[in-house]
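Once you scroll down, you'll see the structures, which are given as C-alpha coordinates.
Look at the two complexes coming up: chain A is in both, with chain B in one and chain C in the other.
So, the complex of A and B:
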(Lines of atoms letter the chains of each structure in order from A and count residues from 1; the text may use other names and numbers.)
(Lines give C-alpha, C1' and ligand atoms only; values in the text may rest on other atoms or scores of the structure.)
Protein backbone atom coordinates (compact mmCIF):
# COMPACT_ATOMS: atom_id res chain seq x y z
CA UNK A 1 0.00 0.00 0.00
CA UNK A 2 1.09 3.57 -0.61
CA UNK A 3 0.80 6.51 1.77
CA UNK A 4 -1.28 8.29 -0.92
CA UNK A 5 -3.90 5.51 -0.61
CA UNK A 6 -4.63 6.69 2.95
CA UNK A 7 -5.37 10.28 1.97
CA UNK A 8 -8.94 11.58 1.94
CA UNK A 9 -10.64 14.59 3.52
CA UNK A 10 -9.82 13.32 7.05
CA UNK A 11 -6.09 12.95 6.51
CA UNK A 12 -3.48 15.54 5.65
CA UNK A 13 0.04 14.98 4.39
CA UNK A 14 2.66 17.46 5.64
CA UNK A 15 5.76 16.32 3.78
CA UNK A 16 6.53 16.78 0.06
CA UNK A 17 4.25 15.00 -2.39
CA UNK A 18 7.03 12.57 -3.26
CA UNK A 19 6.73 10.96 0.20
CA UNK A 20 3.12 10.05 -0.63
CA UNK A 21 4.60 7.35 -2.84
CA UNK A 22 6.21 5.65 0.15
CA UNK A 23 5.01 2.08 0.47
CA UNK A 24 3.96 0.69 3.84
CA UNK A 25 3.04 -2.74 5.02
CA UNK A 26 0.98 -3.13 8.18
CA UNK A 27 0.93 -0.64 10.99
CA UNK A 28 2.07 -0.19 14.56
CA UNK A 29 0.18 2.07 16.97
CA UNK A 30 1.91 3.32 20.10
CA UNK A 31 2.97 6.39 22.03
CA UNK A 32 5.84 5.05 24.11
CA UNK A 33 8.65 5.54 21.62
CA UNK A 34 11.06 3.09 23.22
CA UNK A 35 8.42 0.38 22.81
CA UNK A 36 7.75 1.48 19.23
CA UNK A 37 11.47 1.11 18.60
CA UNK A 38 11.41 -2.41 19.97
CA UNK A 39 8.15 -3.68 18.49
CA UNK A 40 7.40 -1.92 15.20
CA UNK A 41 8.43 -3.84 12.12
CA UNK A 42 10.34 -2.31 9.22
CA UNK A 43 7.89 -0.99 6.67
CA UNK A 44 5.08 -0.36 9.18
CA UNK A 45 3.01 2.81 9.24
CA UNK A 46 3.42 4.34 12.71
CA UNK A 47 0.21 5.70 14.29
CA UNK A 48 0.87 7.89 17.33
CA UNK A 49 -0.09 11.07 19.16
CA UNK A 50 3.53 11.92 19.99
CA UNK A 51 4.48 14.73 17.62
CA UNK A 52 8.12 15.18 18.57
CA UNK A 53 11.42 15.18 16.68
CA UNK A 54 12.21 11.95 18.56
CA UNK A 55 9.30 10.28 16.75
CA UNK A 56 11.00 10.97 13.42
CA UNK A 57 14.29 9.66 14.83
CA UNK A 58 12.56 6.45 15.93
CA UNK A 59 11.03 6.06 12.44
CA UNK A 60 14.51 6.35 10.94
CA UNK A 61 15.95 3.78 13.35
CA UNK A 62 13.06 1.33 12.90
CA UNK A 63 12.87 1.87 9.13
CA UNK A 64 9.27 3.12 9.15
CA UNK A 65 8.24 4.88 5.92
CA UNK A 66 5.43 6.99 7.37
CA UNK A 67 4.09 8.45 10.60
CA UNK A 68 0.43 9.28 11.08
CA UNK A 69 -0.21 11.68 13.97
CA UNK A 70 -3.72 11.27 15.33
CA UNK A 71 -6.11 13.16 17.63
CA UNK A 72 -5.13 16.50 16.10
CA UNK A 73 -1.39 16.27 16.79
CA UNK A 74 0.61 17.98 14.04
CA UNK A 75 4.32 17.99 13.20
CA UNK A 76 6.58 21.00 13.70
CA UNK A 77 8.61 22.61 10.89
CA UNK A 78 11.75 20.94 12.23
CA UNK A 79 10.07 17.54 12.14
CA UNK A 80 8.84 18.08 8.56
CA UNK A 81 12.33 19.18 7.44
CA UNK A 82 14.01 16.19 9.05
CA UNK A 83 11.37 13.74 7.79
CA UNK A 84 11.82 15.04 4.23
CA UNK A 85 15.60 14.61 4.54
CA UNK A 86 14.98 11.03 5.58
CA UNK A 87 12.19 10.52 3.00
CA UNK A 88 9.60 9.72 5.65
CA UNK A 89 5.98 10.76 5.10
CA UNK A 90 4.23 12.68 7.89
CA UNK A 91 0.45 12.69 8.02
CA UNK A 92 -2.12 13.87 10.52
CA UNK A 93 -5.77 13.38 11.34
CA UNK A 94 -8.29 14.29 14.00
CA UNK A 95 -9.26 10.63 14.39
CA UNK A 96 -8.10 8.52 17.33
CA UNK A 97 -5.62 5.71 16.73
CA UNK A 98 -8.38 3.09 17.06
CA UNK A 99 -10.54 4.98 14.54
CA UNK A 100 -7.58 5.21 12.16
CA UNK A 101 -6.92 1.49 12.33
CA UNK A 102 -10.59 0.59 11.91
CA UNK A 103 -10.77 2.96 8.95
CA UNK A 104 -7.66 1.50 7.30
CA UNK A 105 -8.95 -2.04 7.80
CA UNK A 106 -12.37 -1.08 6.42
CA UNK A 107 -10.67 0.34 3.33
CA UNK A 108 -8.49 -2.80 3.01
CA UNK A 109 -5.30 -0.80 3.53
CA UNK A 110 -4.27 -3.06 6.38
CA UNK B 1 11.25 4.57 27.97
CA UNK B 2 9.01 2.77 30.36
CA UNK B 3 10.55 3.88 33.63
CA UNK B 4 13.11 6.09 35.33
CA UNK B 5 15.52 3.25 36.05
CA UNK B 6 16.04 2.85 32.28
CA UNK B 7 16.82 6.55 31.98
CA UNK B 8 19.32 6.18 34.82
CA UNK B 9 20.96 3.23 33.10
CA UNK B 10 21.14 4.96 29.74
CA UNK B 11 22.53 8.22 31.12
CA UNK B 12 25.09 6.42 33.28
CA UNK B 13 26.20 4.41 30.25
CA UNK B 14 26.63 7.72 28.39
CA UNK B 15 28.81 8.91 31.28
CA UNK B 16 30.91 5.75 31.15
CA UNK B 17 31.28 6.21 27.38
CA UNK B 18 32.48 9.76 28.15
CA UNK B 19 35.29 8.20 30.24
CA UNK B 20 33.81 9.16 33.60
CA UNK B 21 35.47 7.49 36.58
CA UNK B 22 33.04 9.08 39.02
CA UNK B 23 29.24 9.08 38.76
CA UNK B 24 26.77 10.40 41.28
CA UNK B 25 23.08 9.59 40.91
CA UNK B 26 20.59 11.41 43.06
CA UNK B 27 16.84 10.91 43.12
CA UNK B 28 14.92 13.26 45.32
CA UNK B 29 11.25 13.33 46.21
CA UNK B 30 10.02 16.69 47.40
CA UNK B 31 6.40 15.95 48.21
CA UNK B 32 5.57 19.47 49.37
CA UNK B 33 6.70 20.86 46.05
CA UNK B 34 5.26 17.82 44.18
CA UNK B 35 8.64 17.29 42.52
CA UNK B 36 10.64 14.15 41.73
CA UNK B 37 14.14 15.10 40.64
CA UNK B 38 16.59 12.82 38.91
CA UNK B 39 20.14 14.09 38.71
CA UNK B 40 23.21 12.39 37.29
CA UNK B 41 26.65 13.98 37.64
CA UNK B 42 29.81 12.67 36.11
CA UNK B 43 33.42 13.69 35.71
CA UNK B 44 33.65 12.53 32.09
CA UNK B 45 34.99 14.52 29.18
CA UNK B 46 32.05 16.95 29.25
CA UNK B 47 30.80 19.10 26.39
CA UNK B 48 31.12 22.69 25.28
CA UNK B 49 28.03 24.85 24.74
CA UNK B 50 27.54 23.97 21.09
CA UNK B 51 27.95 20.26 21.75
CA UNK B 52 25.40 20.53 24.60
CA UNK B 53 22.81 21.93 22.20
CA UNK B 54 23.53 19.21 19.66
CA UNK B 55 23.35 16.48 22.33
CA UNK B 56 19.61 17.12 22.62
CA UNK B 57 19.11 16.57 18.90
CA UNK B 58 18.30 12.89 18.31
CA UNK B 59 19.96 13.09 14.91
CA UNK B 60 23.27 13.88 16.57
CA UNK B 61 25.35 11.17 18.22
CA UNK B 62 28.99 10.67 19.06
CA UNK B 63 28.60 6.96 18.44
CA UNK B 64 29.95 5.72 15.13
CA UNK B 65 27.76 2.63 14.93
CA UNK B 66 24.47 4.49 14.31
CA UNK B 67 23.32 7.94 13.29
CA UNK B 68 20.66 8.44 15.97
CA UNK B 69 21.22 9.16 19.68
CA UNK B 70 18.07 8.96 21.76
CA UNK B 71 19.35 8.90 25.36
CA UNK B 72 19.17 12.58 26.31
CA UNK B 73 16.32 13.44 23.88
CA UNK B 74 14.14 10.72 25.45
CA UNK B 75 14.76 12.00 29.00
CA UNK B 76 14.02 15.57 27.93
CA UNK B 77 10.84 14.48 26.15
CA UNK B 78 9.66 12.42 29.15
CA UNK B 79 10.12 15.41 31.47
CA UNK B 80 8.30 17.72 29.07
CA UNK B 81 5.41 15.29 28.50
CA UNK B 82 4.91 15.24 32.27
CA UNK B 83 5.08 19.06 32.39
CA UNK B 84 8.36 18.84 34.26
CA UNK B 85 11.68 20.30 33.19
CA UNK B 86 15.06 19.20 31.95
CA UNK B 87 18.51 20.77 32.27
CA UNK B 88 21.85 19.82 30.81
CA UNK B 89 24.93 21.48 32.33
CA UNK B 90 28.31 20.49 31.05
CA UNK B 91 31.83 21.81 30.81
CA UNK B 92 34.40 20.48 28.44
CA UNK B 93 37.06 18.52 30.33
CA UNK B 94 35.18 18.66 33.63
CA UNK B 95 31.98 16.64 33.35
CA UNK B 96 28.23 16.78 32.91
CA UNK B 97 25.16 17.21 35.10
CA UNK B 98 21.81 16.01 33.75
CA UNK B 99 18.75 17.05 35.73
CA UNK B 100 15.17 16.02 35.01
CA UNK B 101 12.25 17.07 37.16
CA UNK B 102 8.83 15.46 37.15
CA UNK B 103 5.66 16.42 39.02
CA UNK B 104 5.10 13.43 41.33
CA UNK B 105 1.36 13.28 40.72
CA UNK B 106 1.40 13.79 36.94
CA UNK B 107 -0.06 10.87 34.97
CA UNK B 108 2.84 11.01 32.49
CA UNK B 109 5.56 10.81 35.15
CA UNK B 110 7.28 7.49 34.54
CA UNK B 111 7.41 4.97 37.42
CA UNK B 112 10.76 4.29 39.10
CA UNK B 113 11.06 0.78 37.65
CA UNK B 114 13.67 -1.66 38.88
CA UNK B 115 15.95 0.95 40.38
CA UNK B 116 17.76 -1.42 42.81
CA UNK B 117 18.92 -3.74 40.00
CA UNK B 118 20.02 -0.75 37.93
CA UNK B 119 21.99 0.74 40.80
CA UNK B 120 23.64 -2.58 41.62
CA UNK B 121 24.55 -3.17 37.96
CA UNK B 122 26.10 0.27 37.60
CA UNK B 123 27.98 0.14 40.88
CA UNK B 124 29.67 -3.11 39.87
CA UNK B 125 30.58 -1.91 36.38
CA UNK B 126 34.24 -2.66 35.84
CA UNK B 127 35.04 0.85 34.57
CA UNK B 128 33.38 2.53 37.53
CA UNK B 129 35.90 3.73 40.11
CA UNK B 130 33.64 5.89 42.21
CA UNK B 131 29.88 5.45 42.25
CA UNK B 132 27.43 7.19 44.54
CA UNK B 133 23.69 6.86 44.72
CA UNK B 134 21.39 8.84 46.96
CA UNK B 135 17.65 8.51 47.35
CA UNK B 136 16.26 11.48 49.21
CA UNK B 137 12.77 12.00 50.59
CA UNK B 138 12.38 15.32 52.37
CA UNK B 139 15.15 15.52 54.98
CA UNK B 140 15.80 11.75 55.01
CA UNK B 141 18.17 10.05 52.66
CA UNK B 142 19.58 6.67 51.76
CA UNK B 143 23.19 6.57 50.61
CA UNK B 144 24.29 3.48 48.76
CA UNK B 145 27.78 2.31 49.64
CA UNK B 146 28.74 -0.91 47.88
CA UNK B 147 31.92 -1.44 49.90
CA UNK B 148 30.06 -1.10 53.18
CA UNK B 149 27.42 -3.63 52.09
CA UNK B 150 30.07 -6.01 50.83
CA UNK B 151 31.85 -5.85 54.19
CA UNK B 152 28.65 -7.17 55.82
CA UNK B 153 28.72 -10.14 53.44
CA UNK B 154 32.46 -10.72 53.80
CA UNK B 155 33.31 -14.35 54.57
CA UNK B 156 29.82 -15.68 53.92
CA UNK B 157 29.59 -18.59 51.47
CA UNK B 158 27.53 -16.75 48.88
CA UNK B 159 27.38 -17.12 45.13
CA UNK B 160 27.57 -14.07 42.88
CA UNK B 161 23.82 -14.42 42.30
CA UNK B 162 23.17 -14.46 46.07
CA UNK B 163 25.22 -11.29 46.52
CA UNK B 164 23.32 -9.52 43.77
CA UNK B 165 19.99 -10.64 45.24
CA UNK B 166 20.98 -9.53 48.73
CA UNK B 167 22.22 -6.14 47.61
CA UNK B 168 19.26 -5.33 45.37
CA UNK B 169 16.88 -6.28 48.19
CA UNK B 170 18.92 -4.15 50.58
CA UNK B 171 18.55 -1.15 48.27
CA UNK B 172 14.85 -1.86 47.71
CA UNK B 173 14.10 -2.09 51.43
CA UNK B 174 15.89 1.15 52.20
CA UNK B 175 14.10 3.04 49.44
CA UNK B 176 10.74 1.49 50.44
CA UNK B 177 11.37 2.56 54.01
CA UNK B 178 12.15 6.13 52.97
CA UNK B 179 9.14 6.35 50.68
CA UNK B 180 6.83 4.74 53.19
CA UNK B 181 5.64 2.22 50.62
CA UNK B 182 6.64 -0.42 48.13
CA UNK B 183 8.98 0.53 45.31
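So, the complex of A and C:
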Protein backbone atom coordinates (compact mmCIF):
# COMPACT_ATOMS: atom_id res chain seq x y z
CA UNK A 1 0.00 0.00 0.00
CA UNK A 2 1.10 3.55 -0.64
CA UNK A 3 0.85 6.48 1.75
CA UNK A 4 -1.22 8.29 -0.91
CA UNK A 5 -3.85 5.53 -0.64
CA UNK A 6 -4.60 6.71 2.92
CA UNK A 7 -5.31 10.31 1.95
CA UNK A 8 -8.86 11.66 1.87
CA UNK A 9 -10.54 14.70 3.42
CA UNK A 10 -9.80 13.44 6.95
CA UNK A 11 -6.07 12.99 6.45
CA UNK A 12 -3.42 15.54 5.61
CA UNK A 13 0.14 14.95 4.36
CA UNK A 14 2.80 17.39 5.61
CA UNK A 15 5.90 16.21 3.79
CA UNK A 16 6.70 16.68 0.07
CA UNK A 17 4.42 14.92 -2.43
CA UNK A 18 7.20 12.46 -3.25
CA UNK A 19 6.84 10.86 0.22
CA UNK A 20 3.22 10.01 -0.66
CA UNK A 21 4.68 7.28 -2.85
CA UNK A 22 6.26 5.56 0.17
CA UNK A 23 5.03 2.00 0.45
CA UNK A 24 3.95 0.60 3.82
CA UNK A 25 2.81 -2.81 4.94
CA UNK A 26 0.85 -3.19 8.14
CA UNK A 27 0.73 -0.70 10.94
CA UNK A 28 1.88 -0.26 14.51
CA UNK A 29 0.05 2.01 16.93
CA UNK A 30 1.73 3.25 20.10
CA UNK A 31 2.81 6.31 22.05
CA UNK A 32 5.72 4.96 24.06
CA UNK A 33 8.70 5.19 21.76
CA UNK A 34 10.70 2.38 23.40
CA UNK A 35 7.79 0.04 22.86
CA UNK A 36 7.50 1.21 19.25
CA UNK A 37 11.22 0.48 18.78
CA UNK A 38 10.78 -2.96 20.27
CA UNK A 39 7.63 -4.02 18.47
CA UNK A 40 7.16 -2.15 15.18
CA UNK A 41 8.20 -4.09 12.09
CA UNK A 42 10.21 -2.55 9.26
CA UNK A 43 7.79 -1.13 6.69
CA UNK A 44 4.97 -0.47 9.19
CA UNK A 45 2.94 2.73 9.24
CA UNK A 46 3.31 4.25 12.73
CA UNK A 47 0.12 5.64 14.27
CA UNK A 48 0.79 7.83 17.32
CA UNK A 49 -0.07 11.02 19.15
CA UNK A 50 3.57 11.74 20.02
CA UNK A 51 4.58 14.51 17.63
CA UNK A 52 8.16 15.48 18.33
CA UNK A 53 11.53 15.09 16.68
CA UNK A 54 12.13 11.83 18.56
CA UNK A 55 9.20 10.20 16.79
CA UNK A 56 10.97 10.84 13.50
CA UNK A 57 14.23 9.46 14.94
CA UNK A 58 12.42 6.29 16.00
CA UNK A 59 10.92 5.91 12.51
CA UNK A 60 14.42 6.23 11.02
CA UNK A 61 15.85 3.61 13.39
CA UNK A 62 12.98 1.17 12.95
CA UNK A 63 12.73 1.62 9.14
CA UNK A 64 9.17 2.96 9.25
CA UNK A 65 8.22 4.72 5.98
CA UNK A 66 5.41 6.88 7.40
CA UNK A 67 4.06 8.36 10.63
CA UNK A 68 0.40 9.24 11.06
CA UNK A 69 -0.24 11.63 13.94
CA UNK A 70 -3.75 11.27 15.31
CA UNK A 71 -6.13 13.22 17.58
CA UNK A 72 -5.08 16.54 16.09
CA UNK A 73 -1.34 16.26 16.78
CA UNK A 74 0.70 17.94 14.03
CA UNK A 75 4.41 17.95 13.17
CA UNK A 76 6.69 20.98 13.62
CA UNK A 77 8.71 22.53 10.79
CA UNK A 78 11.84 20.91 12.19
CA UNK A 79 10.17 17.49 12.14
CA UNK A 80 9.02 17.96 8.56
CA UNK A 81 12.53 18.97 7.48
CA UNK A 82 14.09 15.96 9.23
CA UNK A 83 11.45 13.56 7.86
CA UNK A 84 11.96 14.82 4.30
CA UNK A 85 15.71 14.39 4.70
CA UNK A 86 15.05 10.77 5.67
CA UNK A 87 12.26 10.30 3.06
CA UNK A 88 9.65 9.54 5.70
CA UNK A 89 6.04 10.65 5.12
CA UNK A 90 4.28 12.60 7.90
CA UNK A 91 0.48 12.63 8.01
CA UNK A 92 -2.09 13.86 10.48
CA UNK A 93 -5.73 13.40 11.30
CA UNK A 94 -8.26 14.37 13.93
CA UNK A 95 -9.31 10.73 14.33
CA UNK A 96 -8.18 8.61 17.28
CA UNK A 97 -5.74 5.74 16.71
CA UNK A 98 -8.53 3.17 16.99
CA UNK A 99 -10.67 5.11 14.49
CA UNK A 100 -7.69 5.27 12.11
CA UNK A 101 -7.07 1.54 12.29
CA UNK A 102 -10.74 0.68 11.83
CA UNK A 103 -10.87 3.08 8.87
CA UNK A 104 -7.75 1.58 7.24
CA UNK A 105 -9.08 -1.95 7.73
CA UNK A 106 -12.47 -0.95 6.31
CA UNK A 107 -10.74 0.46 3.22
CA UNK A 108 -8.59 -2.71 2.92
CA UNK A 109 -5.36 -0.78 3.51
CA UNK A 110 -4.37 -3.07 6.37
CA UNK B 1 41.68 -3.91 12.50
CA UNK B 2 39.70 -0.82 13.59
CA UNK B 3 37.12 0.09 10.94
CA UNK B 4 35.07 2.58 12.96
CA UNK B 5 36.01 4.94 15.78
CA UNK B 6 33.54 7.72 16.61
CA UNK B 7 32.98 9.87 19.68
CA UNK B 8 29.88 11.93 20.56
CA UNK B 9 28.98 14.27 23.39
CA UNK B 10 25.41 13.83 24.66
CA UNK B 11 23.72 16.90 26.10
CA UNK B 12 21.21 16.40 28.97
CA UNK B 13 17.54 17.35 28.46
CA UNK B 14 18.11 18.26 24.80
CA UNK B 15 15.26 16.35 23.22
CA UNK B 16 15.85 17.95 19.81
CA UNK B 17 19.34 16.53 19.52
CA UNK B 18 18.46 13.20 21.15
CA UNK B 19 19.15 10.29 18.85
CA UNK B 20 21.63 12.12 16.65
CA UNK B 21 24.59 9.88 17.49
CA UNK B 22 22.52 6.73 16.98
CA UNK B 23 21.11 7.97 13.66
CA UNK B 24 24.62 8.61 12.41
CA UNK B 25 25.74 5.19 13.64
CA UNK B 26 22.87 3.58 11.77
CA UNK B 27 23.75 5.41 8.55
CA UNK B 28 27.39 4.34 8.88
CA UNK B 29 26.49 0.69 9.49
CA UNK B 30 24.19 0.79 6.47
CA UNK B 31 26.98 2.21 4.36
CA UNK B 32 29.28 -0.55 5.58
CA UNK B 33 26.81 -3.08 4.19
CA UNK B 34 25.76 -4.95 7.34
CA UNK B 35 22.53 -6.95 7.60
CA UNK B 36 19.26 -5.25 8.49
CA UNK B 37 18.93 -7.38 11.63
CA UNK B 38 22.35 -6.40 12.98
CA UNK B 39 21.81 -2.73 12.15
CA UNK B 40 18.44 -2.73 13.91
CA UNK B 41 19.83 -4.40 17.05
CA UNK B 42 22.77 -2.01 17.27
CA UNK B 43 20.78 1.13 16.53
CA UNK B 44 17.92 0.28 18.91
CA UNK B 45 20.38 -0.35 21.76
CA UNK B 46 22.34 2.76 20.91
CA UNK B 47 19.21 4.94 20.74
CA UNK B 48 17.86 3.68 24.07
CA UNK B 49 21.22 4.28 25.75
CA UNK B 50 21.54 7.73 24.22
CA UNK B 51 18.01 8.66 25.30
CA UNK B 52 18.73 7.40 28.83
CA UNK B 53 21.63 9.86 29.06
CA UNK B 54 19.45 12.71 27.72
CA UNK B 55 16.58 11.97 30.11
CA UNK B 56 18.27 10.83 33.29
CA UNK B 57 21.85 12.10 33.44
CA UNK B 58 23.84 15.27 33.80
CA UNK B 59 25.32 14.64 30.35
CA UNK B 60 27.76 12.14 28.93
CA UNK B 61 29.47 10.62 25.93
CA UNK B 62 29.03 7.82 23.43
CA UNK B 63 31.85 5.92 21.72
CA UNK B 64 31.31 3.59 18.81
CA UNK B 65 34.04 1.24 17.61
CA UNK B 66 34.29 -1.67 15.26
CA UNK B 67 37.34 -3.84 15.82
CA UNK B 68 37.57 -6.90 13.60
CA UNK B 69 34.19 -8.64 13.83
CA UNK B 70 32.86 -6.93 16.94
CA UNK B 71 30.90 -3.68 17.34
CA UNK B 72 31.56 -1.95 20.67
CA UNK B 73 29.31 0.77 22.06
CA UNK B 74 30.29 2.57 25.24
CA UNK B 75 28.18 5.16 27.04
CA UNK B 76 29.49 7.08 30.01
CA UNK B 77 27.60 9.76 31.93
CA UNK B 78 28.41 12.15 34.73
CA UNK B 79 25.79 10.92 37.19
CA UNK B 80 23.69 10.90 39.26
CA UNK B 81 23.83 7.12 38.75
CA UNK B 82 21.27 4.32 38.96
CA UNK B 83 20.50 3.58 42.65
CA UNK B 84 19.14 0.07 42.03
CA UNK B 85 20.22 -1.57 38.76
CA UNK B 86 18.13 -4.68 39.35
CA UNK B 87 15.01 -2.54 39.70
CA UNK B 88 15.94 -0.40 36.67
CA UNK B 89 16.28 -3.56 34.57
CA UNK B 90 12.70 -4.54 35.30
CA UNK B 91 10.29 -4.00 32.43
CA UNK B 92 7.94 -1.12 33.14
CA UNK B 93 10.00 0.46 35.93
CA UNK B 94 10.78 4.08 35.12
CA UNK B 95 11.88 7.23 36.92
CA UNK B 96 11.31 9.44 33.87
CA UNK B 97 9.66 12.78 34.59
CA UNK B 98 6.53 14.32 33.10
CA UNK B 99 8.41 16.13 30.30
CA UNK B 100 10.04 12.86 29.21
CA UNK B 101 6.72 11.09 29.22
CA UNK B 102 5.14 13.80 27.08
CA UNK B 103 8.00 13.23 24.65
CA UNK B 104 7.05 9.56 24.41
CA UNK B 105 9.71 8.24 26.78
CA UNK B 106 9.54 6.66 30.20
CA UNK B 107 8.03 3.32 29.21
CA UNK B 108 10.51 1.57 31.46
CA UNK B 109 11.65 -0.51 28.49
CA UNK B 110 15.01 1.07 27.71
CA UNK B 111 17.49 -1.12 29.58
CA UNK B 112 15.42 -4.20 28.84
CA UNK B 113 15.45 -3.40 25.11
CA UNK B 114 19.21 -2.85 25.26
CA UNK B 115 19.86 -6.14 27.03
CA UNK B 116 17.75 -8.00 24.51
CA UNK B 117 19.46 -6.38 21.52
CA UNK B 118 23.11 -6.72 22.57
CA UNK B 119 25.21 -9.89 22.60
CA UNK B 120 26.96 -8.71 25.74
CA UNK B 121 26.17 -5.95 28.23
CA UNK B 122 28.02 -4.56 31.22
CA UNK B 123 26.37 -1.86 33.34
CA UNK B 124 28.25 -0.25 36.21
CA UNK B 125 26.81 2.66 38.15
CA UNK B 126 27.40 4.69 41.28
CA UNK B 127 26.70 8.28 42.30
CA UNK B 128 29.61 9.50 40.12
CA UNK B 129 28.01 8.19 36.97
CA UNK B 130 27.09 5.20 34.85
CA UNK B 131 29.10 3.19 32.34
CA UNK B 132 27.32 0.98 29.84
CA UNK B 133 29.37 -1.26 27.56
CA UNK B 134 27.77 -3.23 24.77
CA UNK B 135 29.15 -5.79 22.37
CA UNK B 136 27.63 -7.04 19.12
CA UNK B 137 29.25 -9.88 17.20
CA UNK B 138 29.28 -9.54 13.42
CA UNK B 139 28.49 -12.94 11.95
CA UNK B 140 29.44 -13.97 8.42
CA UNK B 141 25.84 -13.57 7.21
CA UNK B 142 25.73 -10.01 8.60
CA UNK B 143 28.44 -8.87 6.18
CA UNK B 144 28.11 -7.36 2.70
CA UNK B 145 24.33 -7.57 2.68
CA UNK B 146 23.32 -3.97 1.95
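One rule holds for everything that comes next: the second predicted complex is superposed on the first by the 110 of 110 C-alpha atoms of A that agree within 3 Å, B and C clash if a C-alpha of one lies under 4 Å from a C-alpha of the other, contacts with A are read in each partner's own complex, and residues count from 1 in each chain.
As a working rule, a contact is a pair of C-beta atoms (placed from the backbone, for glycine too) under 8 Å apart; a residue touches a chain by one contact, two chains touch by 3 or more.
These numbers come from a predicted model, not from an experiment.
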Query raised in the report: Who does A:53 touch here: chain B (first), chain C (second), both, or neither?
Result: both
**Report entry** Dominant contact partner of chain A by residue count, chain C or chain B
**Finding:** C
Report task. Examine A:63 and indicate which partner it touches, taking first as chain B and second as chain C; both and neither are also allowed. Result -> second
Query raised in the report: When the two structures are overlaid on chain A, which partner does A:33 contact: first (chain B), second (chain C), both, or neither?
Result: both
Query raised in the report: What is the contact status of A:110 with respect to chain B (first) and chain C (second): first, second, both, or neither?
Result: neither
Requested in this report: Applying the touch criterion given at the start, work out whether A:42 contacts chain B, chain C, both or neither, answering first, second, both or neither.
Outcome: second
Requested in this report: State which residues of chain A lie in both footprints, the one left by chain B and the one left by chain C.
Outcome: 32-35, 37, 50, 52-54, 57-58, 60-61
Report task. Please give the residue numbers of chain B that touch chain A in the complex, ascending. Result -> 1-2, 6, 57-59, 66-68, 70, 73-74, 77, 81
Report task. Within their complex, state which residues of chain A touch chain B. Result -> 32-35, 37, 50, 52-54, 56-58, 60-61, 82
Report summary line: Counting only contacts in the complex, chain A reaches chain C at residues 31-38, 42, 48, 50, 52-55, 57-58, 60-63, 78
Report summary line: Residue positions on chain C within touch of chain A in the complex are 15-16, 18-19, 22-23, 26, 36, 40, 43-44, 47-48, 51, 103-110, 113, 116
